[in-house]
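Labels for the chains are A, B, C, D and E, by order of writing; each one numbers its residues from 1.
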Amino acid sequence: MIALLLRDLRLAVRAGGGFGLGLAFFLIVVVLVPFGVGSETAVLSRIAPGILWVAALLASLLTLDRVFALDYEDGALPLLLTAPLPAEGVTLVKALAHWMTSGLPLTLAAPVLGILLNIEPAAIMPLFLSLLIGTPALSMIGTFGAALTVGLRRGGLLLSLLVLPMYVPTLIFGAEAVARGAAELSMQVPLLLLAGLTAGSIALLPLAAAAALRVNLR
Amino acid sequence: MIALLLRDLRLAVRAGGGFGLGLAFFLIVVVLVPFGVGSETAVLSRIAPGILWVAALLASLLTLDRVFALDYEDGALPLLLTAPLPAEGVTLVKALAHWMTSGLPLTLAAPVLGILLNIEPAAIMPLFLSLLIGTPALSMIGTFGAALTVGLRRGGLLLSLLVLPMYVPTLIFGAEAVARGAAELSMQVPLLLLAGLTAGSIALLPLAAAAALRVNLR
Amino acid sequence: MLRVSGLACARGGMPVLEGLDFAVEPGQALVLRGPNGIGKTTLLRTLAGLQPALAGTIEIDPDQAAYGSHADGVKDALTVEENLRFWAAVYGRDLDQTVFADFDLAPLRRRAAGTLSSGQKRRLGLARLGVIGRKVLFLDEPTISLDTASVALFARFLRDRHLAAGGVAVIATHIDLGLDAPVLELAPFRASASAKGASDEAFL
Amino acid sequence: MLRVSGLACARGGMPVLEGLDFAVEPGQALVLRGPNGIGKTTLLRTLAGLQPALAGTIEIDPDQAAYGSHADGVKDALTVEENLRFWAAVYGRDLDQTVFADFDLAPLRRRAAGTLSSGQKRRLGLARLGVIGRKVLFLDEPTISLDTASVALFARFLRDRHLAAGGVAVIATHIDLGLDAPVLELAPFRASASAKGASDEAFL
Amino acid sequence: MSIWEYANPLRFMGWTGKVLPWFWALAIAALVVGLGWGFFFTPEAENFGSTVKIIYIHVPSAFIAINAWFMMVVTSIIWLVRRHHVSVLAAKAAAPVGLTMTLIALITGAIWGQPTWTTWWVWDARLTAFLVLCLFYLGYIALWAAIEDPDTAADLTSVLSLVGSVFAFLSRYAALFWATQHQDSSLSVDRAEHVSDVFYQPLLLSMAGFVLLFLALVLMRTRTEIRLRRIRAIETRGRRS
């Protein structure tokens, strides 16, 4: 399992900057939004936390098709599933690798990008916290979606269609936590809910994802 | 060339709803934004045109990796390039197929989605027009990006990184046209610039894309 | 070691083979023969546990099976050695250095797998079998793209390393490996039109 | 029809073959032989115009060359017939119905290509050569995955349809096609260590 | 005989062929009476005016939209556990009907919203949750469409409907949580919760009409799906021999 994690991280790095690209996408989305909505500071700082969360969602989404598709295409996936690793473990490790190359760097970068969008200083810490707690759920849910669509050639778009609605609760709690933090209210409730979501996903979704994988390789 | 266009459209449809998926993604992004930024009507209608343009950009982006990568992976691309079709023609047809399956449906759906975001009625027509004129440029620029990254395994993210900055002028003119339209000012200038951008891309980028393709297959 | 009785298997929802009975004893290989499309790949996937059998039983020593598919599962971005080291680790073993000599990979050891020629890549794919230490191998056309020297190399590996150590192999191939192994011709086992088990049977 | 002189070609920035001279006359085939990694694929890609030659000249009748790579370029989502019809259209021709018989594809005609076995898919990939009407074929290991009957089918197509009509073929293969064709052994043309043309030469 | 026998595709075709016309007749009767009563023979509500009549379409379609998803989840579970083809085909058949009902509810709601809230759309909890449900329908249908092999598609869509339900449910609560934070929720649908008796009976009747219509449509579509599978089976048979 550790070997698989290391391999996936190494592949992400070799494929050209694994950690960097998700970040770069995040950055670009954040830069594009002011071009779209105009540069009024008041508006921007009002929408900044929400936009950052949505951008994190999309950046996480964009890397999802790497999770299984590469291994499927070069034939490594059936070999992995016949190897002495539980399929649930494989999906969990894949989700972890995905989080380490997308969710984690995003979380670390978000405060800086927030400043670009004139985010209120009080919202920075809540943003960081909520991303830290919420992004693992995004990776796990996404891995489930990737397992569902792995048999389909370039299921990227279908994947987004399946995964984004499942991201809704995470997004709501995450954005809510930031909004409350910015308003200096207690963020405990949304953060707890977010943590519950993450824990629940990690506990249950590997089973569903492994089942989907097996069906797809049948 | 027509055979290639028909084949690409047919493949898009067979791969599960070619036209529908881009749209669905567009819809989802539009739905997610209020979850992120909150439901205040005033804020939403203020940012609606910008968000719709950014969402269109992203939806167009997400379908880009289909443009060449599938043909590259199954080995059809070298066969196409050694066939009696000019490489420039191939890239142009690919861009056209991409536009027909992403840009065009997006444009048609944008007014309806605008309503969800409480867009001002005066902005609907400008939004439609600017998307209609601007999205072909997005497809052409994206095709160039796809040609640049075709050799790379899963260049999806790198592709976005290369392409999104090139989308900036289109986005600016497009969003500007909508903003002016909403304010009942003349949209002629930004729309003309947008048209120029589209015409220029279609005239010149196929050459660059074809060159990139040839290099990548060397 | 491997005992199959009354096996029937299906592909794309249709039965393709039925009534297969065979056993392979330690140290023995079995070569599957049959025209394209008869169901060799299907049979091997079923044996390897990737898809359920329609009928019949498969007995294999537990935790001893390994599958070698048509595709190699080689990662282009990793070097030859890293690829092998990964598979060894997945199977909880250390990388056995003799494998580089066995498959003539020593000079390519530090090359990224993506820059190998098709035959070299295939050798790397086969070398995986040498590092995972499994006794029961199911191999689907292992010699594709290999030149005659490499085919001989692979046959020697099978004979001297794998079978000699009491391993078992079931190999689908169209060419002659030069192994002294019984051949199972699959054509007689083609599922009859009336075979049970099609997934859409209930609709007829 | 095809005349090559003093050809040198490179892969991954390093020269792999040099000093190749040969000519193939109408109705003739040439078989390329050589161990894995010698540069057969590289040579064929160079001949097909996918990569530039390091040195030397290649003369081919204009608009007559076609390349058949290792991968088939078959679209899984299209049926067998749609795949062939597409390639015929790209080459501005109608679909010649005899091709289904030539490659034993008649029963598979309406099947989605994604559901074919590896050998059947390969036959489809080869059938492309029958619908594009090109005279000069560069084929890279065309018989991979094929059973002996299909190899014979392909050899017959080459002999009776293609060469008999004055075509030319250069074929890299490790097995014997049963064609009466001269063999070009590539080993003697391996680029020497001092060969010119490496892309990083200027840095040495 | 076990009741599962009725789920054998051929038997299913037999008995549904007999009951389907009755469903249609009842559905049409209930709809004509319910909607007619509601549209022409009820007074106008004091604060809504004549727009209140839209309730006879809006509420039943919203009701069906939600319950169609429940039905799909149940039939998907039956497929996963007992592998009855008809069960999962019924889920497949119900999805577009459910999606259409969702869209009808959304559109009638929007039309209703225009006079009452003076805007087509507000981001109220219930409305947003409904939009999310619409997305789940879309995903489910798209997954069916994307997978070639019917059994694989059945398995994967069933897994999706299970997992999706959990997230749809979570979304509903998240949306509630979210909406209570924003002043816009004062426009909530829930305010109109108490429907007075005059409107109640015709509403019940059109509700029953919609349920029957839904059943008729799903049965009809399931029968079509079974026929399609049958054609497919016969075609593959034909090609093999």
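Keep in mind that, in the parts below, a contact is a pair of C-beta atoms (placed from the backbone, for glycine too) under 8 Å apart; a residue touches a chain by one contact, two chains touch by 3 or more.
On a predicted model such as this, the values are computed, not experimentally measured, just so you know.
Taken together, chain B and chain C share the touching chains A, D, E. Taking each chain's centre as the mean of its C-alpha atoms, the one that lies farthest from the centre of chain E is D. For the pair chain B and chain E, the distance between mean C-alpha positions equals 33 Å. Chain geometry summary: the mean Cα position of chain C and that of chain D are 28 Å apart.
Chain C and chain E have Cα centroids separated by 48 Å.
Averaged C-alpha coordinates give centres for chain A and chain D that are 44 Å from one another.
Residue numbers of chain E whose C-beta contacts span two or more other chains: 132, 135, 138-139, 142-143, 146-147, 178, 181. Touching of two or more other chains is recorded for residues 12, 70, 76-77 of chain C.
Of all residues in chain A, those that touch two or more other chains are 15, 152-153, 155, 158, 161, 164-165, 168, 172, 175, 179, 218. Residues of chain B touching chain E in their complex: 15-17, 20-21, 24, 27-28, 31, 34-35, 38-41, 44, 115-116, 118.
Remark: chain A residues 15-16, 21-22, 24-25, 28-29, 32-33, 35-38, 43, 46-47, 49-51, 53-54, 57-58, 62-63, 65-66, 69-70, 73, 152-158, 160-161, 164-165, 167-168, 171-172, 175, 179 touch chain B in the complex.
Remark: chain B residues 2-4, 7, 10-11, 14-15, 71, 74-85, 217-218 touch chain D in the complex.
Chain D contributes residues 107, 110-112, 114-115 to its touches with chain E in the complex. The part of chain C that touches chain E in the complex is made up of residues 12-14, 193, 198-204.
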